[in-house]
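What follows is a short report on a single structure.
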Amino acid sequence: MEQAEIRRVYLLGAFIVAAFATPFAVGAWSGNIFYDRQWLMDLITVCLNGLLQGGVYAMYGVGLTLIFGVMRIINVAHGEIVMLGAYLTWVLFNAPEYLGLGWHLDPLLTMVITLPIAFALGFAIQKVLLNAVVGGPELTPLLITFGVGIAMINLVEWIFTTDYHTIPYQPDAFHITETIFVGKNKIISFAMALAISLGVFLFLKLHRLGKAIRATAQNPEVAMVCGIDVQRIYLVTFGLGAALASAGGALVSIQFGFNPETGVQYTVVAFAIIVLGGRGHYLGAMLGAVLLAVLENLVSFMVPNGSAMVEMAAYTMIVGVLLIRPQGLLGVKET
Amino acid sequence: MTSREHLRYLAYLGAFLVFLAVLPFQIGVYYRSFVMFTMMWVVLALSWNIISGYTGYISFGHVVFYGVGSYASAILVADHGWPWIPTLLVGAVVGLAVAILIGYPVLRLKGPYFAIAMLGAAEGTRVLVTVWDSLTHGGLGINLPNVENSMETYFAMLALMVVTILVSYWVGHSRFGIRLNAIREDELAAEALGVNTTLYKMAAFSLSAVFPAIAGGIQANKTLYINPDGEFLLLITITMTLMTMFGGKGTVIGPIVGAILLYLFQEVVWVKFPFFHLIMFGAFLILVARFMPRGIVGLFIARGWARKGMVH
Amino acid sequence: MKQHIWGMLTVLLGATLPFSGSTVLADHRSGNVVLVGGAISQTGRYAEPAGRQYNSVKLWVDQVNQRGGLLGHKVLLTMLDDKSDTQTAIKLYEKLITEDKVDLLVGPYSSGITDAVANVTERYHMPIVAYGAASADIWERGRKYIFAVNDIAENYQKGAAHLAKQIGVKRIAIIGEDSLFPRMSRKGLEQWAKQLGLQVVVAENYATQKQGDYTALLQKIKAQRVEAIFSNSYFDDAAAQIRQLREMNYDVKFFASTVGPGLPRFAKDLGPTAEYVLGFSQWEPNLSLGHPGMKEFIDAYKARYGTEPNYHSASAYASMQVFEAAVKQAGSFDREKLRDALSTIQVRTMFGTYKVDEKGMTNHEGLTFQIRNGKRMIVWPPHLAEVKPILPVPKWSER
Amino acid sequence: MGAQPPEIALDIRDLRKNFGGIRAVDGCSLAFPRGQISGLIGPNGSGKTTTFNLLTGVIAPDSGAIYYNGDNLAGLKPYQVFRKGITRTFQITRIYREMTVFENMLSASRLSVPERQGRARAEELMAFVNLTHLRDEYGGNLSYGQQKLLEFARALMPDPDVILLDEPAAGINRTLLADLLTHIHRLQGMGKTIVIIEHDMNVIMNHCAKIFVMDYGLKIAEGPAQEIQRNEQVITAYFGHR
């Protein structure tokens, strides 16, 4: 590694340490830190919640990082696919009741149906709209995916109105110790996200198609020479990305409220994650997601008016990391 | 191009100007603001075109300049009792300052990373404006003193549009513009062929920031109410992008035609269909991006009605 | 080529000219009609409550036409969509007044949009009844042409604050979205807290489009040993917060929200989690309130839209009743006469009695309710209370 | 300031550049004679193009100096080198594909020259390389050979004193090559210094007054064609040990 490269890695480390130190400093200064055991437990709970949330972030962040990594396309509609996933889950959750059966479908079980749908949707978007513009100027896919996103928002709004929905799934507290509680739904979501992420990770590492995807991400020309059908890899990649986003949507639906316009915040989070982790870097994205989620929670917990500044954490991360080391935490420098 | 051709275009512009100068006296308040907003979109599209159309750096957060311009103006008018016209100049200076602050680091990034960083910068500024309550009144927004100023804002916007068109015309027909284009085509080659790319990008970025800042100020004084979510809306960036793409990016006439047609269409036809009109907007965005990379001007070129390139 | 384009431009702009000519005034519209117009959020984030208001306006228009119209004129309604966007609303109201020349103007939804639109209506001396707004700010600016039907935002937490005092709560937290209405509600609550001796230990706004995870904020509140949480919230944030309180196993003495719990879906979607939440309502479809015409309105609304009206529907309908009375009183659609009528008349509507002070504000009094077995039961003010509130609410572990 | 003999246009001294541990240029010293055509050859990966990139500021050297008219060019930005009167072409042509031929030409015009004069020079040079008929065509629509010519003509726009040509003969046909070589000789006749990287040995041996040979980032030989052809080291570098 070059001298300058090493300097940048250190600088990035310092930046992240500073980002994490800031809420503590502000908290101490503004009297939001109490030096007792109870507060320490609260702090642990907050970090734990961040970790759990980070798991879900990671899952749809990985989806975007796959798409960006393989095709260098900025998919601005990623959050909208998350939103769509939440709606699909909600519809299936309620479907038996509307049919007069009087029971609900388990939201986790619905993934068996929603993920293939999302995969097919992503596949179709890539096939019809994006395959022809991969490798061209970045503006084209940017506009196309934004167009897809805005059409999706309004289509969903037209069908389901702008009402908020939520699925009251496993709403109780999970006792970790006497004083530390987290939501059961959060634990379940995290476990689910971890399982799915791990599955995709193993797929990429071990399966022939997964290896082909990684090869394409590294160098499409070489991949093509090696007999990989790059166009098909693109389709699978976008499908996979969409499926991951939609799985994220299912997990969002059992934790939070959602409406057609909530997608954009997930897009931003996913952007922050891929920038933090590095283009196309799977483990980097997971690390970035957890860092981001914990940081957000710390800001909200200790900074006065912190919940208004949560978004700031994501944007500071995006701009700061891009300026210091555009390839992110674990990414490799592009040539 | 010969100077006679320059003169001919100037004559067209003059005739157009006379028409626009007489127009507001013939029409009511609503249509006056309608034309005013059309001109605003022309300004925004042309400005976006200067950085993104010519240099190819996709400013995916260009609304930030519009936002800070409108906030600078509104704060001075509402909280400090300034008359509104001088606040536009302050807005321009603030826009310029923000452009330098953002541009200096961010313009070193390339391709998608620049776009993402601009998005982050714009959205981050929105949050900052929201949180900085003591200055901006946060989510409350700012109410400006209630006056009927459709005539004044019309002429302010007209003047701004004329300046923007003239500057764009100069950019589009000078070696400055060609060199910006060279950066878009091949930054490394441009640098090796004598273009101080850092300086040129910075100049183009600053230039493209000033006009939206002023336009934002005028808009704030016409609308008389602004809030962070409205002034820093991502959709505004997308709309300027779409207008420029639709007309033809990297040309002078393209963004003008794109802005006028699209705004007209949007306001006259699409608003009639709630829900559908944004679905149509999305579909239109896809179609333009996918099938009209050179926009309307490109179609003209393909049919041989227009010459290729920007200088002749 | 460029010649063509400039020519095209001129033609296009010229084409807008013919639209602009008419200067004929409204009263003498052909076909014996009066035009009632407005813009309301048919799409966007306010579409749900705004839609309920639009429903009521449509209902009133049909009913008034069956009754023979306004002063013998058939009523024609033109309702545009502001996309929940303030600037669009401003443009549309300018258009409605100066181009469409509507005779009666009906309001938009949300305090923020109403405040901005009031600038336009004030400029053109167009009277308007603000059924979609509640922030006192709107009337504090010395406006003469805007009238209120609702209790003000500053009073939304008044009942809950009094209940807190009753059960001996000391330390409270106030949280809410960072926009006009929740901030006004916060402002009012801070005054009530001062008056009642409640100590505000945390007061925070959060961004309008937040992720939905308030755990860290609630944890911060918990660390400050807060006893009752006042949340100036809509549906999504209120729902997320109450769910997360449960996940954290954080037992507050009560959780009071403003708009969210008043929406029927709240109790339905959240089920047992929503129990005992305090909420605010301007009006309830509850005949014990005893306003004239309530039953007829509720029945007609239910028959047409298949759902019970809530207070959003009711305040819009009441505003139209007020307009109808004012037009009768004024005997014309003249803007100034209409304004004078609106500022002086007293009307008994199905929403309550309409009578405004010199600022244009009413003394309509809101209600605080508690969700009990999925139903909204009025618990404050005492003289209207249906049940005695269960406070402090049961611990999560005991439910 | 290093003393520089007047007959030397570009004097490279002990130039070094490492890429992550690989020594691309390893203490190389080259002296290109003024007003002559010089050739720079060597096997693939010997550091020729890197030397050009170092000369023109595309990458900055780790150490060493490049003297030109008494100034040290090392560490200057590409546009600064350009302004000193040194221009280049690229191994794979880098013309602006979405700009017309004329715009390609004009982009390299010096700003100190009035626009009218710049336009005139562009027309002149387009005529010089026979591209006038394609004046308003997009660069991307030209054939590869035409693109090479365009790039060559574009490099002449600022009326440079030193012209660096990176594989001018690659990918163009015989006729065009003959044309190009005629142009190059005409430029030399005007007193320009020309340096050519080329794999086509015919071009190098028949047209270069002096030839420099690089291998593994080092200069291993220099001299006129006949000398180089007989140099053992050069033969070893190209063909390995026999």
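Going in written order, the chains are labelled A, B, C and D, and every chain counts its residues from 1.
As a working rule, contacts are C-beta pairs under 8 Å (C-beta built on N, C-alpha and C of every residue); 3 or more make two chains touch, one makes a residue touch a chain.
Being a predicted model, the structure only gives us computed values, none of them experimental.
Chain centres here are means of the Cα atoms, and by that rule the chain farthest away from chain D is C. Two chain pairs are in question, A-C and B-D; the one with more C-beta pairs in contact is A-C. The innermost chain, defined by the distance from its C-alpha mean to the mean of all protein C-alpha atoms, is B. Inter-chain spacing, taken between the CA centroids of chain A and chain D, is 49 Å. Distance between chain centres (mean CA atoms), chain A to chain C: 36 Å. Rounded to whole angstrom units, the spacing between the C-alpha centres of chain C and chain D is 74.
Work out the mean CA point of chain B and of chain D, and you get 42 Å between them. Shown for chain C are the residues in touch with two or more other chains, namely 43, 178, 205, 207, 209. None of the residues of chain D touches two or more other chains.
Looking at chain A, one finds that residues 154, 157, 264, 305, 308, 311 touch two or more other chains.
Those residues of chain A whose C-beta lies close enough to touch chain C in the complex are 32, 34, 38-39, 42, 45-46, 49-50, 53, 154, 157, 161-166, 168, 171-175, 181-186, 252, 255-259, 261-262, 264-265, 269, 296-302, 304-308, 310-311.
Chain contact summary for the complex, chain B toward chain D: residues 174-175, 178-179, 181-182, 184-186, 188-197, 250, 307-312.
On the side of chain D, the complex with chain B involves touching residues 56-58, 77-79, 81-83, 87-88, 90, 94-100, 102-103, 106-111, 115, 118, 136-138, 154-155, 158.
Of all residues in chain A, those touching chain B in their complex are 68, 72, 74, 129, 132-133, 137-144, 146-155, 157-158, 264, 268, 271-272, 275, 305, 308-309, 311-312, 314-316, 318-319, 322-323, 326. Remark: chain C residues 1-6, 8-10, 12-13, 16-17, 19-20, 42-43, 80-81, 83, 85-87, 90-91, 94-95, 98-99, 112, 115-116, 119, 122-123, 141, 177-180, 183, 205, 207-209 touch chain B in the complex.
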